[in-house]
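By written order: A, B, C, D, E and F. Residues from 1 in each chain.
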Amino acid sequence: MKDIYVSDLVGFDEGRLFDGFFLVLNKQQRTTKQNKPYWNLALGDKTGQIEARVWDLGDPRIAKDFEAGDMVKVRGGVSRYEDRVQLKVEQMRKAQPGEADRLDMLPATTRDVDELWRQLQATVASLANPDLKRLLETLLGDPALAQAYREAPAARQLHHAWLGGLLEHVISLLGLAERVAAHYPLLDRDLLVTGVILHDVGKIRELKWETGFDYTIEGVLLGHIQMGVDLVEKTIAGLPGFPDRLRTLVLHMILSHHGKLEFGSPKLPMIPEALALNFVDDFDAKMQAMASEFERSAREGRAPDALTGKVWALDQRQLLNTKAWLGKDRK
Amino acid sequence: MKDIYVSDLVGFDEGRLFDGFFLVLNKQQRTTKQNKPYWNLALGDKTGQIEARVWDLGDPRIAKDFEAGDMVKVRGGVSRYEDRVQLKVEQMRKAQPGEADRLDMLPATTRDVDELWRQLQATVASLANPDLKRLLETLLGDPALAQAYREAPAARQLHHAWLGGLLEHVISLLGLAERVAAHYPLLDRDLLVTGVILHDVGKIRELKWETGFDYTIEGVLLGHIQMGVDLVEKTIAGLPGFPDRLRTLVLHMILSHHGKLEFGSPKLPMIPEALALNFVDDFDAKMQAMASEFERSAREGRAPDALTGKVWALDQRQLLNTKAWLGKDRK
Amino acid sequence: MKDIYVSDLVGFDEGRLFDGFFLVLNKQQRTTKQNKPYWNLALGDKTGQIEARVWDLGDPRIAKDFEAGDMVKVRGGVSRYEDRVQLKVEQMRKAQPGEADRLDMLPATTRDVDELWRQLQATVASLANPDLKRLLETLLGDPALAQAYREAPAARQLHHAWLGGLLEHVISLLGLAERVAAHYPLLDRDLLVTGVILHDVGKIRELKWETGFDYTIEGVLLGHIQMGVDLVEKTIAGLPGFPDRLRTLVLHMILSHHGKLEFGSPKLPMIPEALALNFVDDFDAKMQAMASEFERSAREGRAPDALTGKVWALDQRQLLNTKAWLGKDRK
Amino acid sequence: MKDIYVSDLVGFDEGRLFDGFFLVLNKQQRTTKQNKPYWNLALGDKTGQIEARVWDLGDPRIAKDFEAGDMVKVRGGVSRYEDRVQLKVEQMRKAQPGEADRLDMLPATTRDVDELWRQLQATVASLANPDLKRLLETLLGDPALAQAYREAPAARQLHHAWLGGLLEHVISLLGLAERVAAHYPLLDRDLLVTGVILHDVGKIRELKWETGFDYTIEGVLLGHIQMGVDLVEKTIAGLPGFPDRLRTLVLHMILSHHGKLEFGSPKLPMIPEALALNFVDDFDAKMQAMASEFERSAREGRAPDALTGKVWALDQRQLLNTKAWLGKDRK
Amino acid sequence: MKDIYVSDLVGFDEGRLFDGFFLVLNKQQRTTKQNKPYWNLALGDKTGQIEARVWDLGDPRIAKDFEAGDMVKVRGGVSRYEDRVQLKVEQMRKAQPGEADRLDMLPATTRDVDELWRQLQATVASLANPDLKRLLETLLGDPALAQAYREAPAARQLHHAWLGGLLEHVISLLGLAERVAAHYPLLDRDLLVTGVILHDVGKIRELKWETGFDYTIEGVLLGHIQMGVDLVEKTIAGLPGFPDRLRTLVLHMILSHHGKLEFGSPKLPMIPEALALNFVDDFDAKMQAMASEFERSAREGRAPDALTGKVWALDQRQLLNTKAWLGKDRK
Amino acid sequence: MKDIYVSDLVGFDEGRLFDGFFLVLNKQQRTTKQNKPYWNLALGDKTGQIEARVWDLGDPRIAKDFEAGDMVKVRGGVSRYEDRVQLKVEQMRKAQPGEADRLDMLPATTRDVDELWRQLQATVASLANPDLKRLLETLLGDPALAQAYREAPAARQLHHAWLGGLLEHVISLLGLAERVAAHYPLLDRDLLVTGVILHDVGKIRELKWETGFDYTIEGVLLGHIQMGVDLVEKTIAGLPGFPDRLRTLVLHMILSHHGKLEFGSPKLPMIPEALALNFVDDFDAKMQAMASEFERSAREGRAPDALTGKVWALDQRQLLNTKAWLGKDRK
């Protein structure tokens, strides 16, 4: 259905008209110097976003009944000003149900979400501890929550900031956590796995992703750690006979997974599984940041054996892609 | 009933026998160099604690059926070794119900707890916001919780570390909070008052005070902030129609009341009332620390116009009692 | 007299001529690409500031005898370039004495300065301690100092950065300090009140406000803490019989009022009144920052129940206006 | 040969004579109050150390020709003073070659060193990168270095502070590193493995373990990071054709493996393998610290489901042994 | 030979053609909106750098055979856009050997390098310690290394960021170090002098200055401390009989000269000479930063008795030029 | 007069009676277990201090009329308990005027104070700047202040903690400052010299040394920086025509000489001379700490080529005495 993407528009000739579906990310009414009202819109899809202008608000071909968060069909053309590309809208209406797919409208994982979800469920099914299994099955068995868990990004900006990012992040962590649990007899594998699956579950309430990725006000005031704890506590409250001590440990893992007070965890990891959870979470995030940075460097045309720029997520250090750099030596 | 206190024993002649009721704070079996088992006990009451020894475990006059947390009746005498006073136990049995009052057995507030409780209830009664009033009435209306709220110390060691300390601390804060709310129109007085009453409510679960003041394991793993949030959330869950936004703000106040991430608050105060709560809590704690230090200095015989020693709770600074120091000038 | 303000100019049509009085904030001679000299001026009044250009320096209608700090009468018109408004000056002369009021020329308190001053004097009059009363009466009785105290801003940029800001800040603090002193018997109210009135008195030397708000070089080298201490010491030196110990305490309060070494206080608060002064000063500054931010958010058209942007003065946290946010729930 | 250990002596009756071999850890001549010289010795073996006194230096049965670092045969008996056990030496001579085994004389790994060494060599043999393989084979092929690598402790005090500790630590890391490398395609497994084997190699020069575990002066002045880099550089200098870039990466991994400047690494990890090395090293050290603490708690008779004391190596936090704590729930 | 400098071009009329020699600092091919390729060049000489454009890549008067790092002869003219000056290249070819001097092409010391080098050699000749003398003579006697030592900047940006900067910095330090050594009998003057000469020698490998000043990748991964240590170690390895302890001390001085772990020194200064080296290096850098800032302020037309702007190299503090400020008082 | 020193007593046989003069550092009345009052005294002289006991307060040979700060004549003998030496007092009376010299009673410089004072005055005489010269002559010309300047220690504990320590510290700094001023043309030598002489002048008020070295209460509340500024300001106030700017600079140097806010300087050094003052002060203190530590190590019998223990004044690092360590190599 959607055959024209924001990433295509950059290459269009000025003035060429096209039709396409986009998500309205922002809608503002402004005034020209001649005091005429116009709309400044941000339209987006999974390939990016673009500024759009609607100059003639009285034009009957321009619908009035849309808001940020709606999908719209647009007819328009691109114009360029100092390397910025802008869309001039000529016609516009809300998309009909079924005409456009919301999954096309925001950056999304390139992985198969159904396959990731199956992996998650297989992991849950593999748990030997009946209480933890029951907890995860109940929580992930809630359809609304499951849907949100599948859609949620893992962050607004930093890492896995795309639809499905939370799930993708958790699946990567599970792989690492299984390996780590196999190495240390001290670790209770089921508890660690449960911690991995639940540690960021509060993000489905802290973040919203209808109109781009942003925090909810409740999320800013309470944080995903508290929101996740609340979710898990309420689920456990509905599970008769769930052991008190086990409940305390699961909550402790969520509370402590940032590893340091100054990173927003009100408690430091005090049990082996909490320590391991903090380690796999932190390490995986940094490895992803490295991989992303190497991709970005390549995309921006930097030589593969050059240092990257300074990377914010890694304390402003520069990075070097080992394999690319060694390439020359090996030939 | 209790007429002999730990603080009296220091002055007793060696060998003088006495009878008295004490709380068993700790009970350890050890072995003499001759390999004979004996008990090393810590006995206490509200005036302090003392080490006690039971040398002959086979003596029929020594009961076996007591544990830490029990009140006991002891017959014994004091001995002294290098300025340390020790109790030699000759007879010992568990106290009968009604023989001894637990409130005599641990350091306790010198204030009238019933009066403090009345003040708390009067404040709750004065709230104009019906939801907050309902929340507080419900929570404090639970008899077990009310009893714990009346008994709990405010800390294990630092400030208000005595039975009734939490309540005493809250009452002092309420007085200050009312004054602050009256000064700033920006502040919602009812919300601030609610925050004051609830901010440390989790301490009734974080701490235990049956056998001296200590943390529960759950308390160490979860912390009083999380435990308080949990208590309030569950109470609100039972109040139909409690506004979501108000719930978020009350929880935010509890979460943020330590004021800094590194002090264990996972969120910084973001609303005026949370900022005010952090201020009154921090300031009152420091004023109490000053007052306690001046009292301690006096008790230890330091001149009233001398500097105190370095005070841990105030970054190791020394303090000076203004009024005492100025006394000389004014004469 | 002044009937056209900078804030009005934004709305003027291009080319419309007007006459008005302004303060010269800055005067620089520059050269066009054709090597012709012109003046780039910054003109201001209490509503803001605007860039102005004088292109023909030889024009007899343009006075030469003015400098930054002078008030001038200007005839000119506005031009716009990329949303920036500029003034093209056609005639210009120094204002005659009495033609313009300097109080109209810089951002100023909206409060009645005479009324604030009366409140300050009433507080001084209320002191029971004769030495402190004598100190404050002498210091504030100096006409030049009193005038500066009434005019001074409380800061260059952060809070109360307007004429009369120091006085306004002190009056707000006095209200809070009185309430706090009433709550804690440990506090000597007269000493605390004296500390509040004197803690920032050095700002009348650290800052200058003739041509906008800036630091004096002496202010940068010595700081308002030292400058205030110097002022108070010299005043006390002129008061026979002023008690040495009281002098030490007053100076200690000024020295320690920032509360931390890293905030520029060479001493930490060591007496109850110094601790209280640091707390009320810090808390009031943060409450004012909150209030200002909510006003600014409203002014900039943000929804009243939205989070503000990240606030520099409050560690980059976002804020939420409780009352506005709860508004919806309450309806 | 060695059949009496320090740990046995604690249980001996006073006065009972015995013969045994020990390592002299320290030898000091002191003077009694009667001005008579005597020796105060520290004698040790792998189970601990004990203070010993030689009172009669003129006794012909007491050899004079030994120093710290020598193994000696001692005849003596124990005495006790306030719970401290002391050895009174009656006869003493240097051990003959072959009479005693140095490996019995200091705390040593409980693992089979030959087996650990075989695992290390198998890992080296498995490397596909010929240059890295050649580097490791050359370095570990040096007999003196190999011997030191097998003997060295991993630290003076903190973790793996026993003979063979370095090797044991490296083998544990290799297991974890292999798992991590298998999880992240970005990682060059051979380079990571090389980093693991070489990261602490400088400790064989930084530390000495002849007479207990201590730093060499050169070790204190230069540190094991620099000493390891030097060792590796000199080895590479002897390998013709070793690629420059590969050399740089290997050195970078050693330099950066502490992960932070303030931990003594002059460079932060900038390649994926250096990041991984830092994480596995840090995490393994913390897991070992947890395991050691649980063992120590058990050894000291603390209940298995109690919190440990505050653990220095983990920022003074208390720890809880998950499996022990959950034991009760599971029954 | 070179008679037109970048600093001259700013004053040229638009369109005026000129011929000149420049260093190619950067060469990028880009595409116009009409999809035509062009070159964007950065050309520089010791007075600065300028952007240049080659629009017609097919023009036979434009050479193709040059890269960044080459010197070129250019014919072109200047154009201006919004105060930025740009060069439009009409002809271009590589400079013939001998036509242009590389020393004219980058910012360079204003001191006489030969004279500075003679001073360095005189200092080496003055050493009484034969081993240190031999070390320095050997190292500085290597022609390639000597050439690099004479050319290297002391930093990429901060202080002495010009050709010859390293040598100039060392000569200034030697003067100060001699004075300090004369004041403290505890200091071994020869060792301190050796430390001064060698402390930054690794910069000749950490930095490159063919095409402007930048770090080498090896420099970023290893750092000049490690690179200097390596250079010195290898030189010492070639000096038979060099005392081990002396080698350790020289290396320790290089390792510790930044004075703090967080500044990239893996060891703190532990000997008097290392402490002194750290202090003279730090102090000289700050004094140079002050002097540079005063010069820059003067160059930018700031009044000599005004405060400078906030200085990055001195923790954002503002500076005041004492002598200039006092000038007025003294008249 | 004084022929028996505390350092001699250690070697005395028990029971041997002697007579000697000492300073009473502390006097406390305590009670024996038999409830009999006795005095616990601290007596001292320049070689150290010793605990003394007066058991029979009713003995007519024991004077009652002395306090801490008095010099006394004592007859007594030493006793030993667990390596601690104690004095048993048999007779005791206040010293007659002239019988004992206070300079013998506290640790004092080994340098000739008159000679140091002459050096200070010669430096003042050498100043070319008439205002600075006048300032120093006036201030040091005050007899009471001059006496205090000659007597004051430089610190209570850390460095130069002995009578005359301040003067000794200043003289050492002057030597270094002259050398530094000669090296940097940017520095105004007279201003730097003035800063050196005045930077710690407040210590004569911050400290007291009648009964050992301690802070005055005023010193703790205000600090020597503020006290020195006050002293200098008042002196300048008495010097007609002293230039305002010069006054500001002198005060700035005192205020900023600790170099960092967190070290108690409310301002950072902003002029070259203030930067230099901070450098010479900090460096000299650390060099003295090194020299003292090497002396102490030698005194305590540590091998001269061993590392010292961890040194508090140098961030807990260990130190090595270069010359001693190299000694062996050089032979």
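Some observations on this one:
Heads up, the rule we're going with is that contacts are C-beta pairs under 8 Å (C-beta built on N, C-alpha and C of every residue); 3 or more make two chains touch, one makes a residue touch a chain.
All of these numbers come straight from a predicted model, not from anything done at the bench.
Shared contact partners of chain E and chain F, listed by label, are C, D. Counting steps between touching chains, the shortest path from chain C to chain D takes 2.
Rotation angle relating chain B to chain F: 120°, from a CA superposition, given to the nearest 5.
Although chain B and chain C share one sequence, what matters here is the overlap of their interface residues, and that overlap exceeds half of the numbers used.
Note on chain placement: the centre of chain D and the centre of chain F lie 45 Å apart, centres being C-alpha means. Note on chain placement: the centre of chain B and the centre of chain E lie 64 Å apart, centres being C-alpha means.
Residue positions 217, 220-221, 249, 270-271, 307, 318, 320, 325 of chain C are each in touch with at least two other chains. In terms of inter-chain touching, the protein chains here follow a pattern that is not a line, ring, star or complete graph. Chains touching one another form the pairs A-B, A-C, A-D, A-E, B-C, B-D, B-F, C-E, C-F, D-E, D-F, E-F. Listed in rising order, the residues of chain C touching chain A in the complex are 80, 306-307, 318, 320, 325.
Interface residues of chain A, counted against chain B in their complex, comprise 217-218, 220-223, 225-226, 229-230, 233-234, 237, 248-249, 251-252, 255, 261-267, 270-271.
By the touch criterion stated above, chain B contacts chain C in their complex at residues 175-176, 179-180, 182-184, 186, 188, 191, 243-246, 249, 268-273, 275-276, 279, 282-283, 286-287, 290-291, 294, 307, 314-315, 317-323, 325-326, 328-330. Residues 33, 217, 220-221 of chain F are the ones touching chain B in the complex.
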